[in-house]
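Next up, some structures in structure tokens.
Note that subunit A is present in both complexes that follow, paired respectively with subunit B and with subunit C.
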Partner chain A sequence: MIILDLALMLITAYFVGFIYYGLYRNITARFQRRIGPTIFQSFYDSIKFFGKKEAISHGWMFYLGPIIMATGAIMTLFFIPFFYQSESFSGLSGYGNLFLVLYLMLLGPLGNAMGVGVGGNPFGVMGVTRGLTRLFALELPFYIAVVAIMSISQSADIATIAGSQTTINAFAHPLLFIAALFSFVAMMGQSPFDVVGAPVEVYSGPASEFSGKFLSLLMSQSAIFSFAKLVLMVNLFLGGADGFFELLWKTFVLFLFVIAFGAIYGRFKTPQSVDFLIKVPTVIAIVGLIFATAWGN
Partner chain B sequence: MRVLSLIISLLALWGVSTLFGSEAHWQIDMGSFGLEGVVIGLKATALANFFALLIAIGFFSISLIASKYKLSKGFYALLYLLLVSLFLIVYAEDYLLFFVGWEVMSVTTYLLFSYDLSREALIKYIVFALASAMSLLGGIMVLYSASHSFLYTDAHQGFIALSATLQVIFILLMLFAFFIKLGVIGFHYWLMDSYEQSSDFFTPYLSAVLSKMGIYALIILLVYVVDIHMISGTWLAYTLAIMGLLSSIIATFKAVNEDSMKRLLAYSSIAQLGYIVTVLSMADGLGGALYHSLIHTLVKLLLFINIAGIIYMTARSKFSELGGLIYRMPQSFVLLLIGIISLAGMPPLAGFASKFLIYTTLLEGGNLLILSAMLFASASAFLYIYKLIYGIYLGHPTSKRYETIREVPLAFLIPQYLLSLLLIVAGVYPGIVIPYFNTILKELRLETIPFESYTILGSEMASYNGFVLMSAFVGVFVLILLFMLSLRSKAKEAKDRFDIAYCGEVPDEGTHLHYGFSMGKELKRVGFIGVILRNSSSVFYDYISRQLFGFATVFRKLYSGNLSFNFNIAALFALILLWWGLR
Partner chain C sequence: MDEGFLKEQQVMESDLNSETSHKSSVDFLMDWFRRRSIFVLAYGTGCGAIEMPPTFTSRYDAERLGIRGAATPRQADVIIVSGYCSYKTLRRIIRTYEQMANPKYILALGSCTVNGGMYWDSYNTIKRLEDYLPVDMYVNGCMPRPESILEGFMALQKEIGDGKISSWQKYEDNYAFYRKNQEAVLGQTVAPAYDADWYLYDGGL
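Moving on to the complex of A and B:
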């Protein structure tokens, strides 16, 4: 039964993730007065790449990198419940908690970093270094906000946190939400924090040496992981969801915000984004934390 | 000698294991030796047994690699003496024997260092070790002035009887002594050079076990003397929390910028011990501190032995001189990977268990800012952790020699396999050590850790199931692997290491491709991290040393080597003394 549940979660995340990615490309195009690709373009690309040959192999660890990254993304998904009340689509969340999810989210980047490192492409490692540097910076405000939320709900169980919000946390604790949103934009790899992948113009980034089915695996895990992160944010700050409709519109609103944010701002250099993230959102988060805990007493 | 050391380490393991659960106790009244009222003793408490086990595991691990090092008989003798002194420290029931053990430990470590360290590093070490010992002695004397007993059981009464000022002085003296041993940031000046230059055979022990004596001493101080129940909200708690956090954060960023493998791991040690110091600032934190001590001992043994193997094979100790060893040393690579995953505290291995326990303790105690800062330090650690594995095993080989190099000898691999097995088992069964920790906590009259089963760790606020986690992880991993294998597509193997996508250019021998060893350099440009990276505690100590030097010149002017002059001065002093005495 649990296997079926997990499979359904995975399939949902895969499809919704890719449709969201298609929407991202489409909507960004409209921002830039282009027509853009169809919504299903990335999905088709992913399927197509699964059947393509790879350009080159750098040994077994090179292949294990994307696989570990995909494992990390799927594990993250499995430990985040989709709905706060229902038994189905809760995955393994009964066996884990928010701390576990926070750490599982880091597993993928580290696994991929191994694969990129063994590829020996300096541009790939450049992306990894940027990614890990951005990672710790974006985690700081996010952790403060999440820790405050855990303390407010007196639980580290995600379903409990989602269900215990009478006023949703985004409105009850706006400062924490704003701080977490900055981190979230960075987590989604959006501008102004998108120097890691540098998706359009620079020939660098973690994916530079991968091709064929492994590139496709990286794309798929990215779609799944994005959806998992969206669900996590909805659970933590937007009061969770009680059904598919609620989950989809809440995640979509959040996603739309991220796209809009990214479409407007230019890109930070790595040190700039670190500098920004450990200053502005962190201060907001700390003030929010002090407010939240003072409120609670 | 090598076999003997292995036998002794096995005996130590066996001896410690027999003491588990026993109430072995030995006490002697020194009155019969002319020291009225002085009672000393040894006692096998559950806490002492735990740290004794760490000592024995560490010694066993390094005695396995001893066969690869040409160590003199004197070195072995000192090593055994060190072992005795460590057992004396943990089993002592009073501060007198504890001090003897501490002093012997410091001096034997100095002598062991003297085989390898440069003169400067040796002087640094001995100055700090002596400062630590003297400060400890001062603290013990202050306490004795009120308790009139060295026994831990009388220590709390004595501490309460002290005046408020003396209490502060006592705690500061003790903290100074222990912080030096722990290498808390600011007190770590001696530590870096000692770790870097000491024999690769001895460094694992230094990091994994000797530093734990600082933790043990801190626990003794907090539990027996100060009473950890009353610690919350006091200045002592804040000092521990802030010093611990500063250690974790500063050492983490310092580690990113190191080019030497051993220095990077030395900073990592400081950072990890920082977590333990921080969590000890809470009354409920002892469980997490013990768990993290255990994991840190296992991980640091594993990592330092791994690096010892690399240095043994390549005779290089810098990231900039290594690289690309993965397919030459696949076993070492996988073992280091297990080590760094545990060091980072990533699920599903055991490193997560101890960190999780620390986090839930902090969350339940309501120390939210400390918790956030600790999570931040923990996430920042990814940079140096990646640098460690990339610099050695990934990227490009920096020398043609590495294309034909072989796997490290079995002597290095065996202890690593044993240690990583322990880490995996503790990852699947994170609750396996909790019953024993609860005996320790009960014995110290502290709140126990909730225990359900071996696979579950956590409390009401948060818990996780290690078995489900590991099975799901392995399951997902295998499924993806099978899926990828089922897709038929054959890629051509890279012909040589230059066969990469390189911006349309073709790299050759002269192209600098092992780029990542210098990662972390750009962090200098970030505001507060740059401040950390540019500054060093050596500025302060250099200032102190200059002032002392200046002060010493005054005496050197008096003692100029001119005998008659010195004699006259001495005579003058003698006369003054005589006059003063007669008056």
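Moving on to the complex of A and C:
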């Protein structure tokens, strides 16, 4: 039965992720006073790329990059329970806790870095360098916030953390939430932290040498991974979800916030984004950690 | 026979005799997706490039038709040859076109791509783009307004959806013809021969 459960989780994340990406493009268009594409546009793009023929080969390691990235995204999804009470849609979360999820979230970018490095495209390498630099900066506040949440809940199990919130953590520990939210905006690749695939600067960054099926795979994993990260944030800070309706509206509110945030701000330079993430959210997270440990639950 | 008027006529008219119906239901489905998702290479080759920013930004908003810019040739479906084409630019266009993944399309803007336009007797521009690369759709005008470009895109989408376009196939089938024309104006400075491995055999990375 667990196979069926995992398949359902993957299918849900795939379709919801793509519809969220379509909404992202549509809502951003509305912010810019455009009509914008349909909400299925990203799905169309992905399928179209799947039907294209590869024009070039850089050897097997080049193609392994997107596959490792997709593996990282899908494994992350499997270890995050969608609901805190239900047996179904809990995936493999009984076999691994938050530490494993944080580790798996790093697997994809590192695998992709190897693949892009083999490709030799200078813009790809620049994108990867920017991505890893940003990764080190955004992890700092996020990990402090997550450690504080774990110590508050006295557990590293995601379902337990989600279920144990009488007042949701976003309100009970707002400083931790704000710090994690800055990191989350960076994790979702939104402005002002969108230095990795920065259009005009490094073209599409790590993806610039990929075409056809592998670009399609990259888009799919991005949709799945985004949904996994949204579910993780909902579980840690917004009190988790008890059913699909609750999960969808909570993830959507969070996603809408990220879109709106990204639509307003311009892009940082890479050093600026690192400086900002290390200074502002980290300090907020440390203060939040002190509050949480000193005054407790 | 790779040259001469008869060959040229044969290449130009090969579309007319080609199979226009879909080969299978998978082709039908893929064409349905292809016409709804068109990535345009953001590469301005001539003066017509000035009409592309308004086409893609808020005023004319090409994204509502599924048309958006692509950052690199690898991800692009359409390359717009926007106006007159000097020999130097042609070399880049050929190289860029050959880096794109199949299926790929060419949209040519303005009268300069049809017959040279006001550059008819210029010493360093080509006259008919069709001699060097397979053009899928011409948009007339000097310069065509964004409305015309969108019309051109919609016509292209319709042809893609009907499964009528196979210009990349035409380019591969008649490569000797196109290559000869390219070499006639560019000499030996033309891009390496059209195959997947030029990148690897071109002096390495």
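The rule is short, and it goes like this: the second predicted complex is superposed on the first by the 291 of 297 C-alpha atoms of A that agree within 3 Å, B and C clash if a C-alpha of one lies under 4 Å from a C-alpha of the other, contacts with A are read in each partner's own complex, and residues count from 1 in each chain.
Rule of thumb we're sticking to: a residue touches a chain if its C-beta (ideal position, glycine included) is under 8 Å from a C-beta of that chain, and two chains touch if they have at least 3 such contacts.
These numbers come from a predicted model, not from an experiment.
**Student:** With both complexes overlaid on chain A, does A:249 touch subunit B (first), subunit C (second), both or neither?
**Tutor:** neither
**Student:** Tell me the contact category for A:110 with respect to subunit B and subunit C: first, second, both or neither.
**Tutor:** The answer is first: A:110 touches subunit B but not subunit C.
**Student:** Between subunit B (first) and subunit C (second), which, if any, makes contact with A:35: first, second, both or neither?
**Tutor:** second
**Student:** Considering only touches as defined above, state whether A:275 meets subunit B (first), subunit C (second), both or neither.
**Tutor:** Only subunit B; A:275 stays clear of subunit C.
**Student:** Looking at A:120 after the superposition, I want to know if it touches subunit B, subunit C, both of them or none. Which is it: first, second, both, neither?
**Tutor:** Touch partners of A:120: subunit B and subunit C.
**Student:** In the overlaid three-chain picture, which partner chain does A:212 touch, first (subunit B) or second (subunit C), both, or neither?
**Tutor:** A:212 sits against subunit B and subunit C alike.
**Student:** Where does A:51 make contact in the superposed view: on subunit B (first), on subunit C (second), on both, or on neither?
**Tutor:** both
**Student:** With the two structures laid over each other on chain A, which partner does A:144 touch: subunit B (first), subunit C (second), both, or neither?
**Tutor:** first
**Student:** Between subunit B and subunit C, whom does A:61 touch in the aligned arrangement: first, second, both, or neither?
**Tutor:** first
**Student:** More residues of subunit A are touched by which partner: subunit B or subunit C?
**Tutor:** Touching more of subunit A: B.
**Student:** Need the overlap of the two footprints on subunit A, from subunit B and from subunit C, as residue ranges.
**Tutor:** 51-57, 120, 123, 203, 208-209, 212
**Student:** Any idea which subunit A residues touch subunit B in the complex?
**Tutor:** Interface residues on the subunit A side: 50-59, 61, 63, 67-68, 70-71, 74-75, 78, 92, 95-100, 102-104, 106-107, 109-110, 113-114, 117-123, 125-126, 128-129, 132-133, 135-136, 139-140, 143-144, 147-148, 150-151, 154-157, 203, 208-209, 212-214, 217, 270-271, 274-275, 278-279, 286, 289, 293.
**Student:** How about subunit B: which of its residues touch subunit A in the complex?
**Tutor:** Result: residues 324, 326-327, 333, 337, 341, 344-347, 352, 356, 359-360, 363, 366, 368-369, 371-372, 375-376, 379-380, 382-383, 385-386, 389-390, 393-396, 458, 461-465, 468-469, 472-473, 476-477, 480-481, 484, 487, 489-494, 497, 499-503, 512-513, 515-516, 519-520, 522-523, 525-529 of subunit B touch subunit A.
**Student:** Which residues of subunit A touch subunit C in their complex?
**Tutor:** 25, 29, 32-38, 41, 44-45, 47-49, 51-57, 120, 123, 199, 203-204, 207-212, 215
**Student:** Hey, which residues of subunit C end up touching subunit A in the complex?
**Tutor:** The contact residues of subunit C facing subunit A are 30, 33-34, 36-37, 39, 57-58, 61, 63-64, 66, 68, 71-72, 74-75, 77, 98-103, 196-197, 199, 205.
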